[in-house]
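The same chain A turns up in both complexes below, where it pairs with chain B and then with chain C.
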Partner chain A sequence: MKKTMFWSEKRRAYLLLVFPAVLIYWAVMAFPTIFSFVLSLTDYNGGPIFVRQAFSFVGFTNYLRMFQDKFFWISLKNNVFIMGISVFGQIPLGFLFAYVLHRKLVKFGDFVQTIVYLPSVISTIVIGRLWQLFFSPYGPLVTFMQKFKPGWYFSLANDPQLAIIPVLFVILWMYTGTYLIIFLANLQKIDPALIEAARIDGATEWQVLTKVILPALSGVIVTASILAISGSLKSFDLIYALTAGNPARRTSVLALYMYDYAFKHSPKYGLANAIAVVMVLLSLVLIGVVKITEGKFGGKE
Partner chain B sequence: MENNKIKKSDFHPFIRFFVFLVVGIFTILTLYPLFWLALSSLKTTTEFMKNSMGWPLNPTLQNYPAAWERAQFTNLFINSLFFTVISTLAIIFLALMAGFAFAKIQSKATPFLHGSFIMGILLTLQSIMVPLFLAVNLVGLYNTRLGVLIPYVGMGLPIAIYLCTEYIRSIPDSVVDSARIDGASYFRIFLNIIVPMAKPVAVTLAILNVAGTWNEFMLINILVSSDALRTLPVGILKFTGTLVTDYGRMFAALNIGLIPMLIFYLLFRKQITKGVAAGAVKG
Partner chain C sequence: MFKRSILFLLSLLLVAGVFVPVISAQENVTITVLNYMDLTAPGTERTLKEVWYAFDEQHPNITVLREDLYLDAFHNKVEAYAAADKLPDVVYMWPGGRSTTLHTKGLVKDLRPLLGDEAQYYHEYATVDQAGGFLALIPSTRTSSHAMFVNVALLDELGLEVPETYEELAAMAPVLQAKGLDTVLMGAQDDWVLQSCLFSMLAGRFVGDEKFDEIKAGQAKFTDPEFMAALEFYAQLYADGVLSPKIMNTGYGEVKSLFAAGHAPFLIDGDWAAGNFVTDESTGEALISPEDQKQIKMMVFPAIPGELHANSSSGTLGVGYGMSANIPDGSAKEAAAWELIKWLSGPVVQGISLETTGTLPSRNDVGFADVEPILEERIFNFYNLIEADTYILDDFFEADVFMPINIGLQEIGLGLATPAEVAEATQEAFDIWFAGQ
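Right after this comes the complex of A and B.
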């Protein structure tokens, strides 16, 4: 009898402690995910949803329409570019900075770290507007270049084909610091005695880097890649403030593409939710790929 | 320790020069735009159009009160502060509660529930912004403070619960067990033992969430349309978008938006970097 009472108090405590967090989290994250799948099969375009004829089911029409839209593919391509600049730009650069700071190859390491991470703490809206002004006709880039080459001109809206490049540059600039912090924290976990022993055995710094440090960080590199890959689908705020996807929607990304369908002109919620579903699936696939790669090539931590 | 230091001859001078160059360029690329922003905010629009790069000839602070008033910064600051403080407190408290249950009270539900939060760390919130907007509308919370706070708490919980569970797991079981034997209820243990002991993880969470919520733009932009509920990022975006030619006030507004986070960062630099490193976990 006493035992059951004990057990039930335990069970009640567990439920009460967990319930509020689970309720809010499921309402905010799980419910909309399922909701979006249902809506993606409809032609719902706003208004009260529980009335007769608020919407009708249209099967996979929204998906077909999306896959036939060239701006979907342009947006997806830009997400892939962002993934590329994250994995092959931010991660190596972040590692380089962390290594340089950890091994004290430059002076004022603390100062450099503070500066490189600084963009990550400033509002992306302020950053987006600041770089928009920086690249504007009155901005430093044009003014500076015109000193050497009168008549030189540049604008974010200049060339639709190349418009994504300044965006990628700002993204690289903004988030390299995050990887610097991650790599530095993990470099500091490597036992200095390990490196010392290798040095005493006559290993060069390069050998220490490739044979001791990089293998020890392989797990962290995988973690950083997961962050970078899943992060690349998150791009929204910065581009919204910097170019709003223009010129001619050439710098759009999936999140912005979805936003345009839901909030610009007359809402097309069915289509917007089809994009949402594709994005969720995409992020799950990407995470799965990284996990499998991780299992194959072993990342330990 | 001496052996641990690099001997200069080890790296080719070209490589060392290259490294130095990359670090230098990156540092300048961060400092210069901010410096340019600060300088430009001290110029009138007329002066900026003539002299966009140089030192201000007649430095003036007049842009600041003008921008402050037109963009209603008092209101924006109050709202940003409100959403940041309330959601941060709620996240920490709820995450400590759930983390304590996951870590110290055995239950068959833990792997599933805890796992669902871990999934949330990797789920891109951007992908559900439209369904979330529709869901908030559905329950009639559009354009209300609660309609912003609930999503903020929900999206902050996954990483918070992960960190709290890990941290509370590291507290020895015997601490909880001996209190149980003394007859303390789980709530007493939570309030009197776990909460005081979990202060370090609470600080990390507070810093991560303050930075995140203060700068949050995507959700507040779609969940709220009235001026009275706007926060700094939305207000600044709207203000700088409508005044494309009023450069002086635009720079001042951007600077007003930038300074609080700059101060926060310089004050809590160590804790922020620690929090980021701790938050970057494997999913």
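Right after this comes the complex of A and C.
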């Protein structure tokens, strides 16, 4: 009787409908993640993988090696900086631009919107190369500055403590437009009558912003934060094209650090996968933090 | 009747046995190729036409499916193919270094049985066993990872002469600085460049191959005085103003045009960089016109006080094409792949390479027509200046060992580490690697 109920038509229909999605999820998400963890416990260093003796298990040696490597911590620190500029730079700036445009506080709004959004639609590699040439010791920035101060050169890019700043600037420049569009679209969803009513009641522009608009956008801000955090952890292509993680790996990030071991020279897939596993864990922790924040401060729309 | 039938069948089998290989050789075969090619380099159009399309025309029964990649994109794809055990039939590869996986995992065939008597047409160095202990590829040339390009016209303009000693080179630095110029340009943003194009040569001068053999065998150390002397001299280059930390923000792809534009009278790169200055036949443009190329000299780093090996340069075997070990022996596909490899390492293609990039052929039967002045300089002068080839560190050591050197060289240049710290870090990395062997 139980068996008949378990295989009821309704349940079979559910299973049938869910199966393709589960299969795809397993194939492209779950299996690679689990397999990555398994590889992180091995000494696999290239060649056919599904053959006998392709690798042997080495326990947590790769994790130990990673945590003892100063370049892991430099990369992690740079990821934190990127996360900071994304959450506390791109999002507020994107919101500010969106607010100014939405409230028509500047002229030529469409032009401003296009200019701010434009970097988001250009290939990341192209942007990386352009800025690399711009910051080059022989690039336009140095050439221009040398007109005023002969012998000047862009020493910031060679300062190990500060070399990440030009990278952060480019990241801010490139992605702010994305948040501008997100906020602008959501600002347009707010009923203008609400703002109008607040103004009639004597609310100042600041009060309209803090008492009406920001609460209405709290959910969007959380979503934008999740996007910013996950995007920050994935940072790779722009930095690869801009600095290749140098000078002396001081602008490297976790994804680039992983890439160095996975693909550069003779591969160390075990170590590279250990780095990948740490990145996944970091993502989960940070998404958890954002979810908790959302639970605490969100839902006031 | 039964006997007749048996005889008939046996005859048929005999005839088939004789003719099948011929038929096989004529049957249509498709082979996949993973090729390394900078599609923006001058001479690419000619290479495409006269190497690849010409092969297609001469071999209508062989279809070549070619994938052209360059730099890291190429290396990543090789490793991905290797991991999936789906290596293309013919693959561009190095005799060691970045093709280590292909050699040591036995993913490519030993070409020696296929080469046979053809070996007589190659210089001896081209047919020695490589990293995997067998002939995985036929190197098309020998290459020097260090070359110093000199803009003689610029030096003349400033009243300076081509330096013969390091002291003379260092003495130029303040003069050039006063004129707003750098002394030596390098595109060292990528960390391999300092090690491969400069430090390997310095290590050869101060340390020498024998000592590196001892280090690799665990009988000597990176912290020994010879290696320390090489690192200390390298640090001295910055102190003397010969090198500037700016080189670590200069892209490898950018530096040739900076040299051509006269930002410094010297460029340190690999000998292959000569090919970047010649005229691109498809556009008729050159970074340095053939007339101006006459003012470019190629030399090795000047004599250094305390060096053990004068006029040496870091060098290695050139690249070539390997054949996937997955291709069955004696198959039509093997015959087709070998036909292509033979062509790619043959006299016609090596001649084209000589004319477009100035690479010295590994064959002894290659003729060539006109070449531009900078390639003449490379072929007739530069190679004669090199008294000894020494190891390129990233070719000789595993990545675990040379990576601390690559990064350490940048750190020394930025003042982040001392030569002693870099030597210790390298020795530490070596000890870990050595223990794992």
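Simple rule for what comes next: the second predicted complex is superposed on the first by the 268 of 301 C-alpha atoms of A that agree within 3 Å, B and C clash if a C-alpha of one lies under 4 Å from a C-alpha of the other, contacts with A are read in each partner's own complex, and residues count from 1 in each chain.
The rule is simple: a contact is a pair of C-beta atoms (placed from the backbone, for glycine too) under 8 Å apart; a residue touches a chain by one contact, two chains touch by 3 or more.
Please read these numbers as outputs of a predicted model, since none were measured by experiment.
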Superpose on chain A as described above, then tell me if chain B and chain C fit or clash. clash
Identify the partner contact of A:Pro150: answer first if only chain B is touched, second if only chain C is, both if each is, neither if none is. second
Just to be sure I read the superposition right, which of the two partners does A:Asn246 touch: chain B = first, chain C = second, or both, or neither? second
Is A:Val285 contacted by the first partner chain B, the second partner chain C, both or neither? neither
Touching A:Leu194, do we find chain B (first), chain C (second), both, or neither? neither
In the superposed arrangement, does chain B or chain C reach more residues of chain A? B
Under the stated touch criterion, which partner chain does A:Gly47 make contact with: chain B (first), chain C (second), both, or neither? second
Which partner chains sit in contact with A:Leu133 here, chain B, chain C, both or neither? Use first/second/both/neither. both
After superposition on chain A, the chain A residues reached by both chain B and chain C are 49, 133, 138, 262-263, 269
Could you pull out which chain A residues touch chain C in their complex? 45-51, 71, 132-133, 135-138, 150-151, 153-154, 157-158, 160, 243-244, 246-249, 260, 262-269
Considering only the defined contacts, which chain B positions touch chain A in the complex? 1, 3-7, 10-11, 16, 19-20, 22-23, 26-27, 29-34, 36-37, 40, 48-49, 52-53, 94-95, 97-98, 100-102, 105, 107, 109, 113, 116-117, 120, 122-135, 138, 150-151, 153-155, 157-158, 161, 185-187, 190, 211, 214-215, 217-218, 222, 232-234, 236-237, 240, 247, 250-251, 254, 257-258, 261-262, 264-266, 269, 272-274, 276-277, 280-283
Chain A residues touching chain B - in the complex, by the definition given at the top: 9-11, 13-14, 17-18, 20-22, 24-33, 35-36, 39, 49, 93, 96-97, 100, 103-106, 112-126, 129-131, 133-134, 138-140, 143-144, 173, 176, 178, 181-182, 184-186, 192, 195-196, 199-200, 204-206, 219, 222-224, 226-227, 230, 233-237, 240-241, 254-255, 258-259, 262-263, 269, 272-273, 275-276, 279-280, 283, 287, 301
Would you pull the chain C residues touching chain A in the complex into a rising list? 72, 75-76, 79, 82-85, 97-98, 100-101, 105, 107, 180, 189-191, 244-246, 248-251, 254, 258, 263, 394, 398-400, 402-403, 407, 410-411, 413-414, 416
